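Same chain, two partners: chain A is paired with chain B first, then with chain C.
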Partner chain A sequence: MASDSLASSDESPVKGIDDVVHQRVRLGVLTIVNEARRVEFQFIQETMGLTAGNLSQHVRVLEEAGLVKVTKGSAGRRPRTWVSVTRMGRTALLVEVDSLRSLVERVERSGGSTP
Partner chain B sequence: MASDSLASSDESPVKGIDDVVHQRVRLGVLTIVNEARRVEFQFIQETMGLTAGNLSQHVRVLEEAGLVKVTKGSAGRRPRTWVSVTRMGRTALLVEVDSLRSLVERVERSGGSTP
Partner chain C sequence: MYDKLVRITNQIEDSTAILVYADSLRRRTRLARDGSWFALVVFGVVVLVAMIFYHAPELSANSTGCHGSANSFTCTSVWLVHGLFGSGLGSSSPLVDNVSPWATTYWVIAIFVGICSVVAFYWLRSRSSGVVGRIWPFACLATTALALAVASRGWVTIDIPGDFWQRGMQALFVIAIALAILAALERRLSFSIFVAGFFALALLSSLYNVSNLFQDLGIGSNWNGSYQGLPNLILPGLYLLVGGVAFWAVGRRSDRRR
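Presenting the complex of A and B:
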């Protein structure tokens, strides 16, 4: 037998989860940019406590996947970078959240077992 | 201003999320091993559609973090590897699931906005 007691499902608990969206920093970025029309790069950086380099790297992955759009501009003399979610990015976030909801419910269902 | 409309929170949406547990494969493994007293390596591999090498790598990370225990044995002549969750692993999974629940709710709250 595969396990000492029956697993609650023989389906992968992370089915439908995509690393591009699931990765911790990128999931945080998508969640934040989904909350406004566009969000300043520095605001994301401060909210998440990241270095500019680390955030840039992850924003680039999201941009290359078509999930966010990056625009450069300025406020007065200060250069600014804005990040906004694309329609595809919003869909990807909602798919991820659906998968996470299922996973949370699955773990809750097995809440009775103790190691 | 930081964003064109107020973000629903200036708290990081991925606060409390730890890469060791959050990473897709490891999150799946922890979820599965939390569902039984111990689970056969090959069962996890098949359920998640992974190569043995890839799964081994992730199980090692979990083992080194003290989140799972690996035991070797045999059923008849066939060698078998079993994976079980530790108390610490179970706690880590529940902490992750708490964070995921908050994130899911946060994304649901911003459901009205369109990109």
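Presenting the complex of A and C:
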């Protein structure tokens, strides 16, 4: 069975996956902010279709882990919150995406059958 | 064992979905940040407007007091160019026929204004979209390339084979370098390929009389005399302009699909 070799492999296929980053919303936030020098909070919220409260919680987790930096500013009279990725965040994103890709590739290489 | 396999399978399906989702977010963010089409339009206009300076009928190697031989040329006057920047871009040598002495001044001002307008466009776009890209490396490196091109007038006619500068098309390489820097910042394959195409056209315009190509293809009727050099600007200029409009249209269509 193709999946036997995967399951019995010495190296875990989920090795390298970080619990902070390995979450759909947080990985999404990191992906967005990694594409620019800084991104406005509202853009992330609209692009991901989240409520402000929900996004705030995830951004806080990322900020506490040192993966993003949050700065407050204003444009005219309008207050703005900017989110930018840190070097650690960029590395964490690359590691996470590589891990996910290698996980999928390993299954595809071994035949892709599912039980 | 079965539970372990189910767990791994779920993990894999989840991983695939997350990767697809991340990819769609990446594309949407790049679309919001991207203003490369504007740079193509701006520099396309810069190249096409330069035609004004490339069909000066009264200027020729003889009329500017210079005459060439097999290995060298001599001039009776060194004041063959006008404006602040002397020669180096466009009219690098008095042997460039039909190129106005003001061509270099035009290129320097127009390319610099082009760089500034691209930076301004990115800045304004970032204010409205909320995605601030990295545009300052473009401004700094493109301006440096322009400055180096202007400074090159001292050695351009000595170290670089005449074929490269005798048509006065060096400015196209400055624009190509500026666009290549933008392509590196945008990390967009289609734009990078397009810029590579412009590099090829810049090389063609420097080395070959594009008017021959136009005549062979039956484009226009008379590309002789003072009009001979114009196709060398029309081809790359239109390439940039049409490319800019095409990139804008594709971006707009993708934006509507969201």
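Note that in this section the second predicted complex is superposed on the first by the 101 of 115 C-alpha atoms of A that agree within 3 Å, B and C clash if a C-alpha of one lies under 4 Å from a C-alpha of the other, contacts with A are read in each partner's own complex, and residues count from 1 in each chain.
Going forward, a contact is a pair of C-beta atoms (placed from the backbone, for glycine too) under 8 Å apart; a residue touches a chain by one contact, two chains touch by 3 or more.
Just so it is clear, the structure is predicted and the values come from calculations on it, not from any experiment.
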Check whether A:Asp19 is in contact with chain B, with chain C, with both or with neither, and answer first, second, both or neither.
-> first
Classify the contacts of A:Thr86 with the two partner chains as first (chain B alone), second (chain C alone), both, or neither.
-> first
More residues of chain A in touch with chain C or with chain B?
-> B
Touching A:Glu40, do we find chain B (first), chain C (second), both, or neither?
-> both
Is A:Leu94 contacted by the first partner chain B, the second partner chain C, both or neither?
-> first
May I ask you to decide whether A:Gly49 touches chain B, chain C, both, or neither, giving the answer as first, second, both or neither?
-> first
Common ground on chain A, meaning residues reached by chain C in one complex and by chain B in the other | 3-4, 6-7, 13-14, 24, 27-28, 31-32, 35-40, 42-43, 47-48, 97, 100-101, 103-104, 107, 114-115
Which positions of chain A touch chain C when the two form their complex?
-> 3-4, 6-7, 13-14, 24, 27-28, 31-32, 35-40, 42-43, 47-48, 75, 80, 82, 97, 100-101, 103-104, 107, 114-115
Can you list the chain B residues touching chain A in their complex?
-> 2-8, 10-14, 17, 19, 22, 24-25, 27-28, 31-32, 34-40, 42-43, 47-49, 84-87, 89-90, 93-94, 97, 100-101, 103-104, 106-108, 110, 113-115
Could you pull out which chain C residues touch chain A in their complex?
-> 1-2, 4-6, 8-9, 11-12, 15-16, 18-19, 21-22, 25-26, 28-30, 32-33, 127, 129-134
